[in-house]
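Shared between the two complexes below is chain A, which has chain B as its partner in the first and chain C in the second.
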Partner chain A sequence: MRLINRRPDRSLWLILAVLPFLALLIAYAAGSAVRLAENPADKLLPGLTAFADAIDRMALEPDKRTGDILLWVDTGASLTRLVAGIAIAAAGGLLVGMLAGLLPLARAALSPFVTVVSMVPPLAVLPILFIVVGLGEASKITLIVIGVMPGLIRDLMLKIDDLPRQQLIKAQTLGANSWTIAIRVVLPQILPRLMDSIRLNLGPAWLFLISAEAIASESGLGYRIFLVRRYLAMDVILPYVAWITLLCFLMDWGLRAAQSRAFPWFDRARTGQ
Partner chain B sequence: MTAISVKNVWKEYGEQVVLERINLEIAPRSFVALVGPSGCGKTTFLRMLLSEELPTRGEITIDGVPLSPEPGPDRGVVFQRYSVFPHLTVLGNVMLGAELRGSRLLGRLFGSSHRQARDDAAALLDAVGLSHALDKYPAQLSGGMQQRLALAQALIARPKVLLLDEPFGALDPGIRADVHKLMRQLWHQHPMSVVMVTHDLSEAFHLATRVIAFDRTRTLPEERLRYGACITNDIDVWPKRVAGQPDFGRDPAHLPSRDDPALDPGQSDRDDPADAA
Partner chain C sequence: MTTRRFLAKITAGFVAATMLAGSFTLPAMAAPKKEFKLAWSIYVGWMPWQYAAEQGIVKKWADKYGIKIDVVQFNDYVESVNQYTAGAFDAVTVTNMDALSIPAAGGVDSTAVIVGDFSNGNDAVILKGKDKLADIKGQKVNLVEFSVSHYLLARALESVKMTEAKDIKVVSTSDADLVAAWSTPDVTAVVTWNPLVAEILKSPDAKKVFDSSQIPGEIIDLAVANSAVLKDNPDFGKALAGIWYETMALMSAKDAAGTAARTAMGKASGSDLAGYEAQLANTRMFFKSDEALAFVRGPEPKATMKKVAGFLFDHGLLGNGAPSAEAVGIAFPDGSIYGDAKNVKFRFTDSFMAAAAEGKL
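Up next is the complex of A and B:
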């Protein structure tokens, strides 16, 4: 049988899916064991017990100096910034994207501007943000918004362009005005696509968040890993990275689940069944 | 009753002349089929009737009033694809017309007017044979059912003119025959004129009262740019079909002989082929 026609069944699929994760773990454990055998105080590839200690210290016991449990404080601070940034970017992106996507007059005014703004590297603007809005929460949230929103706007404009032109004509023959076309025809069809777009932008959003936290912050997941980097505390950094990855994965999965729950027609229309 | 009048209409895209010298008088309650080879401008002509495109020259009037420059509820439309909204259920698709016209601000109805719109939509859906699928989404329907839905959605707005752009072209032959039957029934029942673009001649003669052929008359390479298509044939379907009256087709008991007068000469403002013979 040709390779392109061989499909894994359920159990084989599971084994194949787990395999790379397992390989990474084994490679790490082996590397760690070799280095620890040479130097029991090695900090680069700490063993599992070191991780357990670090996780216990960060996630379960209150910090000696502040009395806070650091992992939760960091997670709370980071998620607040991230969710605020993404929410603002999504709302603004939806508004501008709909305006520019639906109204040719608005498109003429906005499209070239948005295209140019989206080319500005957001991290290059970070110093300006620190100077203008200060080192507090506002600058970090603004960085996420600046980093994510132009992409969302452009994506939504393209998605609105992709809606069949027949639909807009049809709505007009049914007596719609521009506003009711926007809220009854375009908005409901764009919302699930906005959720797709947000999922794709989760990575960049985290990137901007961690960058801002690394440079100027007093809490947050990004702040913590850049702080303990000074002590080569891989036993803290690696669990934090894994935790961030898990959070990102859960957000992606949550958005996907919310999308298929809120817009049951969307999957059907997409797969054409 | 709606008479469509097309006076010396031209359509040009830059240098390219697509349609030229189009003159047509369409009687109220007609069912006109536009036929012709690909690229002959029949769809462009339909788009002008829809105000999706504007004529470069000439004028189109409905009951003596020039067409509005944008699509409106006086003209309904069914396209070959993408006529229905994928995010609305079957019922929601048909209710949408009433909701959009009833509420300029929200595009939604509530209370008794919502119930009324729901009942009207359900009744029309029953008439097109979709009463079993009210809560399904269009993606769950077959092609034939989607076109039935599109017809119901367009008709609920009570258009004066129904425009059809190859509406049945993508359907299987068996399904197509069923939808043809429905289409003819709807034309008899609803007080509207129908203009249908099709590339299927038998479909045109099967449904229409009048078949109009578009074609290019100048086809030399150096002529193609500056000469567009025009009306090359204008055929009254015989035996005559009259909206709202039974159609006996080729049944010999009802077929007039060639020397009989037309069944209802008042229905057409054009010379009747029987008279000409």
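Up next is the complex of A and C:
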């Protein structure tokens, strides 16, 4: 049988899927055991008990200095910034994307500009951002918006271009004006694609959030990671990384679920069922 | 090929890959060896390492002891200390505080081979439009959290009977962005080091209200080496001392060679001769080994390390579940120990500097 036709059955699929995770765990455990045998206080690859201690300290017990439970404070701060940034980027991206995608006049004014702006590396303009919006929450949310929004706009413009022209002509034949076409024909077809686009941009959004928190902050998941990096506390950093990964996964999954619930037709069209 | 055999093969592959990955993560092994690596980062008191490497002084002393010393520059100070702690380097340039909180608290027994200098004004507390330290009350203070700046702030607050928890709020800010941060209206107080201090003080509303010359001898710049490596290879420590004091003599000379050395160090640190000499003026360099000896044998390091250990413990930086500020033992040249004598991980020694002073290198 040719290799391209060999399909794993259900149990083999599961085993193959688990294998890389298992290999990573074994590699970690082996490396950690070797280093801990040499130096029981090793900070680079701490053992499981060190993780348990760190999680207990960060997630369950109030901090000695502030009396807050740090993991929840950090998570709250980071999620607030992230959700605010993504919400603004999505709303702005939808508005500008619709305008530029539908109206040739708006496209002429916006499209070249957005294309150029989307090429600017957001982290390179951070000092300017600080001077304009200050060091507080606004700068972190703005960084996410600047980082994510141009991509969303360009993606939506492309998606609007992909809509069959006949639909728009038909709507015009039936007497719809520009506004009605935008709201009744284009918007419903664009919204699920916007959700796709947001899902793909979750990674960059986190990246910008963590970069912003690393630079100036009092709380947040990225802040904590960069803070404890100062004394190589991998026992805190690795659980935080796992937690961020989980949050990111849950957000992705939530958007996917919301999308198939709100736009079942879109989901069916994609999976071809 | 059955599924089972297929699986067995894959598993074997993964195990092999895993073991390979494991072998890369071995800590620095103590044994006689011939090649050593020193990590350094840009700071006024550490520029001589770079200059010594460029001028062949490192090679000269390494050759004398039949070893090889690699001097590697890091752009990121914390990363250099972390790499040393992880075992990738045998020695690193580090401050006394970070040597205690990163390698020593991480179980990596470290010895201060060279006590190079202490900050004598290079670190400062700066307020915007206010000229008294007491005015810091109620402000947000931007600094690199858990760095020597944070320690300086704690000592400054102590001097006016304030505490970090009650009177101010620390905002952790990357040193790379502090100067840009200063120019924004919501940043009104910063603690940082040179050359950033000089840059910030250029703005007319910046007022220096406290600096490290008010706590002389407490922020010490060292070259530390892994104690086990040093024990098995004392020649490495001797070579470091030889390199250091030859470079010190060169850079402190009043002649053209001295000026050339200082100019080169200034340029390498992104400044010039004038800028570098201004930083040197705020640094108490121990150009001569007997000056460093007198300092390290004196009472200051003991008193300082006690304060530093207390600060680190208060901020939870002495390791998980450290029961007290005395959890990590610190040994001094006279044999006395601060803290847990069974867990000495940070050692001040005079042996290499004494050998240099006595011309026994």
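Simple rule for what comes next: the second predicted complex is superposed on the first by the 270 of 273 C-alpha atoms of A that agree within 3 Å, B and C clash if a C-alpha of one lies under 4 Å from a C-alpha of the other, contacts with A are read in each partner's own complex, and residues count from 1 in each chain.
Please note the rule applied: a residue touches a chain if its C-beta (ideal position, glycine included) is under 8 Å from a C-beta of that chain, and two chains touch if they have at least 3 such contacts.
Just so we're clear, the structure is a prediction, and the values are computed from it rather than from any experiment.
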Fit-or-clash call for chain B and chain C when the two complexes are aligned on chain A: fit
Touching partner for A:189 - first (chain B), second (chain C), both, neither: first
First, second, both or neither for A:54, with chain B first and chain C second: second
Greater chain A contact set [chain C / chain B]: C
First (chain B), second (chain C), both or neither touched by A:152: neither
Partner chain in contact with A:86 - chain B first, chain C second, else both or neither: neither
Chain B versus chain C as contact partner of A:35, first or second or both or neither: second
Touched partner set for A:177, first chain B, second chain C, both or neither: first
Closest Cα approach, chain C to chain B, once both complexes are overlaid on chain A (Å): 39
Common interface positions of chain A, toward chain B and toward chain C: none
Residue ranges of chain B touching chain A (in the complex, touch as defined): 50, 52, 70-73, 75-77, 79, 81-88, 96-97, 99-101, 103-108, 137-140, 153-154, 157, 159
Contact set on chain A toward chain B in their complex: 164, 166-167, 169-177, 179-180, 183-185, 188-189, 263-266, 268-269, 272-273
In the complex with chain C, residue positions of chain A that touch it: 12, 15-16, 19, 22-23, 26-27, 30-31, 34-35, 38-45, 50, 53-54, 57, 64-65, 126-127, 130-131, 134-136, 214-218, 223, 226-227, 229-232, 235
Interfacial residue positions of chain C with respect to chain A in the complex: 3, 7, 10-11, 14-15, 17-19, 21-22, 24-27, 29, 78, 81-82, 85-87, 101-102, 105-108, 142, 145-147, 165, 169-174, 176-177, 180-181, 183-187, 315-317, 319-321
